[in-house]
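Two complexes are shown next, each including chain A; its partner changes from chain B in the first to chain C in the second.
Coming up: the complex of A and B.
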């Protein structure tokens, strides 16, 4: 018996289906905390801070609270480092009942002193978790004291889980970074220089992007935070431009840097040929006094597309006409994914994100075809409903979305923190097309009940 | 990666690379083993999401966990409103028969009286259609580990549902946190003994199920509420878990409340422990061991003989939940492998005592026992103890890679290999599988390290 899957009353304003005619009222609700009991795919404030700062590899990251938050984020992202790997260790004050009663400041202080002695990091980040906001530990004071004693920056990150959404966690992480920026020497930095913001070096993606810019003759001062180093962050105010990807997490930092240091910023995306090329051209265009920068950008684009485009045609011929559903963290990524999917002949029937804002969704509506569902802060029931109703052949998401696809006999592409294959850059577009092809065209789906197999 | 001490200093206060998870995770897992049940965490959104991700990476199944989604107001004024709204929404969206509610550090610290809130909720909703059964477990993350949450949820399920019924021929099985494959094996054994039984929690299907022809709000499978209700009238309970004390356990509750005899056993790993388990079954059912299991045992004894020379005297570091480590240690001891370190992030205070009951010559055999440790502590021990092999969950891989030691993955979580949910550990069959894997690991190391390229080992 097939039953109709409904959408909770408190959620209906966050779901929108594009219909014919331009006059349709578009007023999607977003930017709000998740509805209690709705099984949001989002995490919390702590998660937002943790993902942004995690790739800083020569700092120690201490989670102040009971063990869970540290255990679940141990070595969680595929953010790789070319040198130190302190970020891949998990440190927790592991608060116990007595600590909750009497306060955790002493334990935090001792933990910090000992860990700094043991690992000799270049900085320490201290993440407050939920109960720190309740028991009233003065984290700032502990951090100041330890910084003074140990002579390294010790940054509190105010990331109590319940104090907002993941986006507030991004902001807390950015404020911690902002405290570091401006404390290093900018001597010797070229005026043809940028910082790469919002690129986390998953599967080495930051290295790919960095190489493109360096080939163009541009100096990359800091990547924040992929393959991140404290010293680079401290001198990043010496760059001439901030190039911001994953705009949800890092735009606030770019704005702060613009205000304080007068560094302009642009928003880019490195996913798909179209957006990847644009992100090189847009940067080159801001250095007009050196036309060779633009020339080299054109060379890179030409060479790279020549290298990968023909190879991709076999994927495209098989995938043309197939339908994709997208549900990712940031809305900005969905724009690129829609374009990238079109490059390989696929249409998008669902586009959603955990943290998009009004402008993002308006832009999504403009980009999408009729019949496409746009959704904010969705949940497994809704995602399943749309995958089924729209007869998607592919779902793009993260670990939590994967089993929904596989249970329903639908291909899946992991576009989240855990990916091991770079999906950014020109090579990334090729990898993306290949991954989509391998999942959508796999012969195993012949056994899926929805595709004619036995239930 | 530098994890060893610099200047001879080692940080002791902080927990580094924890060898444990938090209390609510275990509760969510146990609730997944009740039919038509949605786990619900009373706390921040992140708790539910992180735990879902952690469980999904092992089980590769959809695992929906609802959250009351605390915000600042909730933290100040209490979680009553959010919890009630959440219960209402979960009921509407999932139409569950049961909602399994567990607390978090946040809701425990602000002192929410969840049973009271549930009472109020029932009073408000009472006139509508029948409400889901609400099972509540207190699982503050600042005390205990995931295993405590697991047992708290099972005990609470029984406490909520078990009824005083006339005694009948029925055996309760409370196996603890075992793999879906182990659960299926236990059910198969009980069916072979042709004995009515209730196994709780049964996530063998909900966390290792088939493909879907259509959408399921809640995956099929699990122990039914009716079955849980009947546990009060059982003739006996079998409960695994060496360190699980009666006052924290489901079988303990049933013994105290309804006089259901509690047979408390270590996890049946190895021949001796499995024999003990089957002997209890023979005693309770009045039937002798079914021939299929006699055969399994014979093959296992034969395998022990065939494989013993490869593994004699090999040194293993064991880590994970205390009960798993204890039973694994006894098994290794009976096959001639020395568990040079038995380590756990748990701290029941009972580990050594229980190990001594199974291995009286513990000290002479060179077996070290350590509770309340993390992976950095275990690494330091490895420097001293020079093991040949590591045995535990996949979180030991960091250590395994650094020390170039083979890792035999057992238990939960197994995040870096395929099929962790289908591994057997229990009974003759599980022991056989473990034995084969241990022998093969040793053989593989020998084959790899020899330049000759032996094709017979």
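Coming up: the complex of A and C.
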């Protein structure tokens, strides 16, 4: 391995280091497909659709294709449900060679009938995988037929892996949801109501957020898709506002709902005191005729921060001056993380995402300190290089980044599907600070060669 | 709710797989390729495949797993993936500098008709493969076989594409590892050393997926079978294939290409299978079994006899991969336990044939492999005929919780415990570990659930 290269040729345009002076040209290339032959950390269209729809707990999710796509996505996301847990089972048409030759429509039809008879779900999502796009199964037709026979919505999700990036998968998922929205009755929905979009209830986070809004006197019609229910989604067009987190995955749905149903939307983040408070205030501000909503929002913020802020100071005093590297799926998450890390005294030396767009990166550049490296669609070589060069004490990422951090001998925080504790909300910020503190300050690093342990 | 989704009544299913006891071929090819030193596995397909395989292997081993992808786009799937693969080969050698690229196909590249042999030949002809570097390949469409056959295909590819015969035989024996853990491979090397047999073990993921903390991210960890070793396997005196499904195809290919005679034995899990392995290896090498190994065997037998009253009649359900299940079932029978429900998602008649022989003594035992042989079916069988112990990969934990059955994690993937990378399940000492685990699981339950008056100190 050429130590001095580190950055793949053809990738220079996707890596940027902020230097002094504002005149520096900033033209990070993103929205690009990955270079063939790179060890990319990215996934595919199917992955995007699957993670977005997965938390809908009273629907069956059937993966139409060979077994792998179903096997690898079987209950890997800790999106918790307060009731049914159909989403945690793995259903596949397990296509074989003969199906590839003669088509898989019949098998899909039979599978759907068998499943619906057995589980009586409220809807079904059918994910098409790579080869479905090639063998030309008409899954729309199968879905229509089954929907008619069984009387439940059966939604095709066009998520052939190669037809774009993970973002296109988000869009495919949103169009499937769009087909459900508007099919339920909106009777009895308050005008002080919202939908929570882009919150997946990992470790129960949606419950925390929902509770804040409900305390403010706002009705939450549907959370999409955390702890999701088909009936709630069907009537979600009755809400007055869409509150969108994780902008990458759900903004397209919010836009579609705005166009079709005239529901405005705002973008929020529930991560960190600053952004969490803002997401309550921003919602309250849109219901000015009921000032008590804003009052309650202020109360919540005051009480919660009073509860957690003092506790966090002990973490802050130890963490001040420590450096973090961030590499996560969506860029929006990166903004919140930078702010949250500053709250606990840490600076950010690397910030990157798998799927950010130009605006995201521009904003990232504005937020970052000098010397911070900004990357799009990075790979392990680059990540290792920058973590070492910039002497990071912490890496924030997902499953594939975790062991890299540990091999390098730096702390880690999973800000992806494998988070075990809620990181959203005020309590989530406390949890985050605690987790970062415990990891960065752990005595185990003293045994790592980089920190003076035996080589 | 999660646990209440499996009904007791077994209804024939035509289309559907629920809770699979297998995954797809490419991940097996990736795992096998990681057992070659300086090799970068390459997934010729969509980006997601590579990402999923790396994530799953990372969750199982808690190690970084490096692999590249052709990153198929819509264009590639219309015009063929040749350009993507050629570009990949160039990029990989220029930037990641492996000695070997091991390409495997996916459902996508197979369906559009990419021919890996032809494309890699073109890469060579076009001068895209630097001197002294290699590109090997295996065809692993996801709609055929399972992760186990994908592993077998890549191991076969390794054997076929590296082996040379110089005409001069070497005093060494090839051991072709079936899909086993790095700890198991380490144990094979240890046993061979004790026997005084010179072996070439391939693939070999020890020191790759159980690498120590060095403060560096080693893109190519120190382990793995080397190119020199792989070139020499055509000159070895014989091959011993560990597992009729995951290892034998490579032995056959090697015999065909370089006339290296082979014997297939079961993976050495349990007493009888380890006996056969030791016997075959010592016979092939013409060596005596040293006292050390005999004593190790004696300790295993000693524990089996000491504790025999705790095994008697205990019913077991197990699921996983055929090459493990065959000797494991035999071992459970040797312990006087009753394996009564056995499921493997991997298709193939060898499994059925061997299981029939092994389970002669238990005519009521259920076993099934291939299509629809999934964990849903296993769970249904368990509801109809309850067991005392469940053995299988992490996904068994749902069933274990639902049925309140002691559960031992064994197989792939294990996503929620460590140990499998470090402590072998094969050989006499690995089998002793299995016995310890079985007893521990049974006795922990007994201790937890015994009535106070029956709560025992001495067991």
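General remarks:
We adopt the following convention: the second predicted complex is superposed on the first by the 451 of 455 C-alpha atoms of A that agree within 3 Å, B and C clash if a C-alpha of one lies under 4 Å from a C-alpha of the other, contacts with A are read in each partner's own complex, and residues count from 1 in each chain.
Basically, a contact is a pair of C-beta atoms (placed from the backbone, for glycine too) under 8 Å apart; a residue touches a chain by one contact, two chains touch by 3 or more.
Keep in mind that this is a model prediction, so the values were computed, not measured.
Upon superposition of the two complexes on chain A, a steric clash is found between chain B and chain C.
With both structures placed on the common chain, the touch criterion links A:83 to chain C but leaves chain B unconnected. By the document's definition of touching, both partners, chain B and chain C, reach A:38.
Applying the stated contact rule after C-alpha superposition, one finds that A:70 touches each of chain B and chain C. In the superposition on chain A, A:95 contacts both chain B and chain C.
Of the two partner chains placed around the shared chain by superposition, neither chain B nor chain C is touched by A:336. Of the two partner chains, chain B is the only one that A:120 touches; chain C does not reach it. Judged by the touch definition given at the top, the superposed model places A:448 against both chain B and chain C. Within chain A, the residues touched by chain B in the first complex and by chain C in the second are 2, 5, 8-10, 33-47, 62, 65-74, 84-86, 88-97, 99-100, 107, 110-111, 114-115, 118-119, 129-131, 133-135, 161-165, 380-381, 384, 399-400, 402-404, 406-409, 447-450, 453, 455.
The part of chain B that touches chain A in the complex is made up of residues 1-3, 5-7, 9-18, 20-25, 40, 43-54, 56-57, 60-72, 74-75, 82-83, 85-90, 92-94, 104-106, 109-110, 140-143, 145, 210-215, 217, 395, 398. By the touch criterion stated above, chain A contacts chain B in their complex at residues 2, 5-6, 8-10, 33-47, 62, 65-75, 84-86, 88-97, 99-100, 107, 110-111, 114-115, 117-120, 129-131, 133-135, 161-165, 379-381, 384-385, 388, 398-400, 402-404, 406-409, 447-450, 453, 455. Those residues of chain A that touch chain C in the shared complex are 1-2, 5, 8-10, 33-47, 62, 65-74, 76, 81, 83-86, 88-97, 99-100, 106-111, 114-115, 118-119, 129-131, 133-135, 161-165, 380-381, 384, 399-400, 402-404, 406-409, 447-451, 453, 455.
For chain C in complex with chain A, the touching residues are 1-2, 5, 7, 11, 13-20, 22-27, 40, 42, 45-56, 58-59, 62-74, 76-77, 84-85, 87-92, 94-97, 106-108, 111-112, 141-144, 146, 211, 213-220, 345, 371, 395.
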